[in-house]
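See the structures that follow.
Here come two complexes built around subunit A, the first alongside subunit B, the second alongside subunit C.
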Partner chain A sequence: MKENVVIIGGGVAGLEAARQLLSLGYMPIVVERKKSLGGHVAQWNRLFPDMTPTKDLMERLIADTAQANIFTETGIRFINRLKDGYNVMLTNGVNIYSKAVLIATGFGLFDARKKEEYGYGVYDHVITNADLEQWFNGKEDNRIPESPQSIGFVHCVGSRDVKSCNSQCSKVCCMTAVKQAIELKEKFPQAEIYCFYMDLRLFGKKYEDFYISAQKDYGIHFIRGRVSEVSERLEGRLQVKSEDTLSGKPLKVGIDLLVLMSGMVARDENSEIASMLRIQTDSDGFLKSRDNIYSIIESERPGIFFAGACTGTKTVPETVAEARAAALEIHNYLSR
Partner chain B sequence: MIHQGKKVIWSDYQKEIPDDHWFYARSCIRQNFFPASEKYFLKITKELLGKAICDNEHHTTCGGIAYHSDTIPQETAMTIIARQFAIMTEAGYENLVVSCITSFGNYNETIETWREFPELEAKIRENLWKACRREFKIPKYVAHASDLIYRFRNEIAEKARYNLIDRHTGQPLKIVEHIGCHYSKMFPHKGFGGAEYPCVLSGMVESWGGQIIDYPERRHCCGYGFRQYHVKANRGYSLSNTYKKFESMEPYHPDAIITNCPGCPYFLDRWQYVISEQTGKTYGQNGYGIPVLTYEELAGLVLGYDPWDLGLQIHQVAVEPLLDKIGIEYDPEAKYLGVNKEDILRPELPTNLKCH
Partner chain C sequence: MIDRIASGFHPFVIPFVFGMVFVIGWCILALVRILFQLTHQDRLAFFKSLVNPKTALRNIKDIFANCLLHVKLWKRNKLLGYMHSSIAFGWFMLIVLGHLEVFIYVPHRINLFYYPIFFNYFVSEADATIGGSLLFFLMDFFLLMVLSGIVLAMVKRFRSMLFGMRRTTRPAFLDRIGLWALWMIFPLRWIAETFTAHISGGSFLTAPMSHLLVRVLGDNIPVMPFWWAYSIALCVFICVLPFTRYRHIPAEMLLIPRRNAGLKIRNARKGLAKVEVFSCPNCGVCIDACPMSVKKANIKDCTVYLNRQIRRGNEKRIEQISDKCLLCGKCEAVCQVGVQGPTIRVAQRSIRKYGLSQDYSNIDIQPLVDAAKGSKVVYFAGCMTKLTPRISTAMESLFKKAGVEYVWMDRDGGLCCGRPMLTAGRLEQAGQMIAMNERIIKESGAGTLVLSCPICYKMFKEHYNLPGVKIVHHTEYLEELVRSGVLKLEKGDTFYVYHDPCELGRGSGIYEAPRKLVGQAAMIVDAGHTREERSCGGGSLGSLTLSFAQREAITKASLADLGVNHPDAIATACPLCLATFSRYSSRPVRDIAEIVDIQSNGSE
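Then we have the complex of A and B:
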């Protein structure tokens, strides 16, 4: 009989780890609180830098984990530590014994309503990056005008923002904004597109190429300055105030659609998980790794491992790499 | 505009307002700019609503203008505030209601600073003792006077003689609200509705039948700004701020502006005259300006008090078009009669701004 490994979270990290554990001869048991698998990434339309359809990635992951034991719409009722493993009680009444537990609970998306000055939920044409991906996926959204003449992107909404209690960089938003700006320019060639940024953090493979292409090939305007406030004009257009810190001048632009780049934040449930497993959360609210260089996928408690954005903001390739590393580390732990 | 979205935000910024027993801290400039506003605040709260409000002659300016203009240090400003608290404590009150927005900001700033730096509070207590042998308790509640009117807005509506409806069209009057910067921009949780979408004045207007206008430059400063107006060389900047607001609200054709700060109604009112002299432009109907009222004046009007007793003849912009829309009875001949029915003389008329 194959040995169980409980994986909490059925997003990219959880599924990729399950895939690897299956190939290593274990029986992964994936516990996902939502109805469908894939987490936040599954809501996205295409992934940079190759504009890979997310659907392809998700279909592959789900097909490759078909042999795993997967519970959706299921949570964790409690976890008890036993002498050499863990007793995991699920909300559906199933009780599992597992020597190793992998936490792959991912991140939360910053609630853009908290940045009240941007008017999400108040003004008619303010959306988030997540809303825009849903629209790319075919979901109707009457906040997006039929033929916008100007579109704005606000970077760092709720990330690198001490006032929002999120000082961490969300890592993917700069590149996501560049990607989404290009995609919108392709859909609305007549629109002028403005990206309001603090500074651009384009560190990954091909990211810089995307940024240069956005300027050279698509004519997207990058304005270094934070948006101070958004308001609505009589005709329904948005008025966006910012500062262009490169020219040292205040700026006021009429915008038909404003996209807020909501950042990745620690999930509210992290403290609950941490107290259940007697592990710690870090100062940023994410789960605390044994160390942040060599043992990022390990907790301080034997048999408890991490993968993906539950320990901090991650890109999809980083998440996949961590999931594979975690599966191997679990295998090493169980083989001792 | 998604009104429900604002309501969600408002629900995050509600504060407890004790029903009764307040010590009133007057403003140093409001009594000159809008002489009846504080009087009618007391009249409405004490006589109409039956609240116990202590109006004590021994308190002074809070020092806010000097503090924000960098002419006195923070320690001095805090010692002045400590003296106000001492007078309140001696009078047996624990709830402070403040007439001025700048003072409201300063009281909150002082209390919050002392909370963060208790050693500074100890030093100020020592300063006060050395200066005048007084001691104080920090107020349990600090409210702005507009908070109290907001709190009792529905009681006022029940007792109102008029509502904010244009009697010619039957439509709600379109009102611009202007909140003083120091009401909630410094401490969003100290103000009803927070910093971005405060509801303290819009709540009053809606309770009294009017409709609030949300225009693009709603949050912009009125143009007073201590270092704008008080530094003579910067007065052009003060005027340009006000001009920006009027240009932004103009397409909405507001019937009136309601404010809760000492400086805002003054500058929104007086600069309309200056703009009209410089550019020939007026923002009301038929050459008039847009009347600018304090919340006490607007409350007084809906309650049926005489417009001239409310001091509306002191305004630069004529209020008669607004009175006519609401249907308020008034005696044009009594406009410039003082309290003893003596003629208080007529102001010189502007070139372009219609005032009679």
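Then we have the complex of A and C:
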């Protein structure tokens, strides 16, 4: 009889951890709230820097975790702490005893309607990065015009913005914007593309190359300055007001399609999970690791582990690495 | 009633006489000083108002209602109202009746101003005056009234919650002396009058005790110490009065005629502002009212402490307090004296010298002038509405439904109304904005100006000179359209709570139009505090220094108060409130224009 390990969340972190735990000889039980596995990443079309189709990654992860016990459309009803483990009651009535619980609940996507000045949900041609990926995946979106003449990207929507109650950097949006700008330029070669940023944080492998290429090979304009307001002209075109802080001049740009780079935020459910397990949330709303250097994947309670964006904003490679580390840490914990 | 003491004098009156001479001298000096601080026109206007029978009558009425009866306090809390009016009115009546007694019984003593105060000592009852028992009764009745007020005041020191006050100010040292003196005056008077009641006569409060004392002690009643103590207590109270919270008694009587004369605060330290600062009774009602006081660290930034610091001349604190305020006006609304805290702060801000003095007058507004021409209705959304396009989109849709031809004056960028400059005390820059906007509107030839932002609305209403132009907030405008049947509303089943924006409610007195609209378009429930008592949502442009984290606490407290009756959604009529609440609210937040747009059909 293999030992159970409950994994909350069936995204990249949860699935990768399940895969590793399987190969270490455990029986991972993955609990996923949604109908399908893969979380936010599964909604994406391609991943930087190699333009890897997300489908490939997902198919591989799901195939490799076929042996695991996976419950979709299932939540946690409650978790009881026992003497040396946890009693996890699922919403489908299944009751599991597990010595270790891995939390891989990920992040929430910032609701762009909260930045009302950008007009998401008010104007006809404003979409988010997530909407755009869906469109890349083949989903219809009549907010995207037939042949846009100019396209704008707004960086840091709900990230690094105390007024949106999120002061953290979402890490991936700078690079996502560069990637999406290139992809749109490939689809609409005639369109001028503007990226409005306050800082470009292109730290990862090959990111800088992408950025240089976006400027040199694709002619994408990078304007350093936050967008102050967006308004809709009579003819339906958007007018974006910003400032080019490098030249110190105010700007008005006519835009046919505006893409908002919605950031990662802490899930509202974090506090619920935290109170159930009596662990803590950090000042930014994400779950609190034991420390942020050596023990990111460990909570302050024995037997409770973290993987991925539930403890802060992460890239996919970071998430994968954390999931593997967490699986190994759980193995060490259980074989003590 | 006859004189008991032939000379009409006894040394114990000296402390009281000394005190009175001192305080009257001080009052006259202060009055003259403040009169000199007024500008020439203001001084003239003030004197004119004094001889104008209409304002003179109003002055008397207001002084009676506010200084004696404390009508505003009654509205706030019955017990608090009774406490203040029993002491003030009771004391006033004792003085009036005392004079009446002197006038009736010993008219030759009317020139001795201490006589009515110590009347019972100086007279003895004669058979012929038994008929005066009504006066005796009234004297005892009002003394009892004052005593009951004093008892309540003592209770209030320890249990302020009973009087509807969560927090009160900490009295300063001299205030405590004044307080104790005030508490002592009337019990001492009661004892002194009781001890002489077998000679001078008395009524239900003094006579029975007196009979008892005479029976027990015979002629050995220690009368003099208590008359002395009564006079000394009066002297102490009167002498510390100019230096304690009790200075509000003479100051308020001075404030009312000035305000009725229509004077405005022009300087934070002089003239009217000075009278206001001295009229502050330090009651601390503004502490609970202030939205900032949800954080304990901000309590010392309420108006009562601004007044205290101005009196002390603590420049650093005056500046800090003045800059921090949200200018929501709630302290002014709840203040029974009506100290204009926000106006004093703006006046203080305008003293500051800036290194850089921008000049906006050279902005080319010709394109804006041209664009605004040719329509009866001009719509001015304002900068904040530009950041909340839900409101302007709804307004455009409603104009269309109502078939109104309009020009959106600042569609393609416009000028600021000038209010942020005004609240920052930069009056010159605000004046430049006003002049430019006035030109655009005047040259447009429009008869109606519709505004979506209450901040702009108040500015246009109060500081713009636009003869022939009807200035309306969109809630008023939409209400008019609905009333005249141009827009038809269908009642939805969402339960809304309406948040009164500071600038629309307290600032401009518009409470009904928004409520009518919400009531016709949806269901409406009340917030915990409404109308004048509504707390700022925390987004106000008024504060120059309040940090985002401190604002968060204000917003959350305001939201919690909106949610007491479990509404489905929050309705407001200000783009800044909309943006601020949307940030933290778990319920949807909508502007009234949006609600009306969802629930309306045009007449066609």
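Just so we're on the same page, the second predicted complex is superposed on the first by the 336 of 336 C-alpha atoms of A that agree within 3 Å, B and C clash if a C-alpha of one lies under 4 Å from a C-alpha of the other, contacts with A are read in each partner's own complex, and residues count from 1 in each chain.
We take it that a residue touches a chain if its C-beta (ideal position, glycine included) is under 8 Å from a C-beta of that chain, and two chains touch if they have at least 3 such contacts.
What you see is a predicted model, and the numbers here were worked out from it, not measured in a lab.
Looking at the shared chain after the overlay, A:Val122 reaches both subunit B and subunit C. When the two complexes are overlaid on their common chain A, residue A:Glu229 makes contact with subunit B and with subunit C alike. In the superposition on chain A, A:Arg46 makes contact with neither subunit B nor subunit C.
Touch criterion not met for A:Arg301: it reaches neither subunit B nor subunit C. Of the two partner chains placed by the overlay, only subunit C lies in contact with A:Val162; subunit B stays clear of it. Overlaid on A, the two complexes show subunit B and subunit C touching the same residues of subunit A, namely 116-117, 119, 122-123, 229, 231-232, 239.
By the touch criterion stated above, subunit C contacts subunit A in their complex at residues 386-390, 393, 411-413, 548, 578-579, 582-584.
In the complex of the two chains, the subunit A residues touching subunit B come out as 113, 116-117, 119, 121-124, 229, 231-234, 239.
Those residues of subunit B whose C-beta lies close enough to touch subunit A in the complex are 1-2, 5-6, 8-9, 194-197, 214-219, 251-252. Here subunit A touches subunit C in the complex through residues 114, 116-117, 119, 122-123, 162-165, 229-232, 239, 241, 252, going by the rule given at the top.
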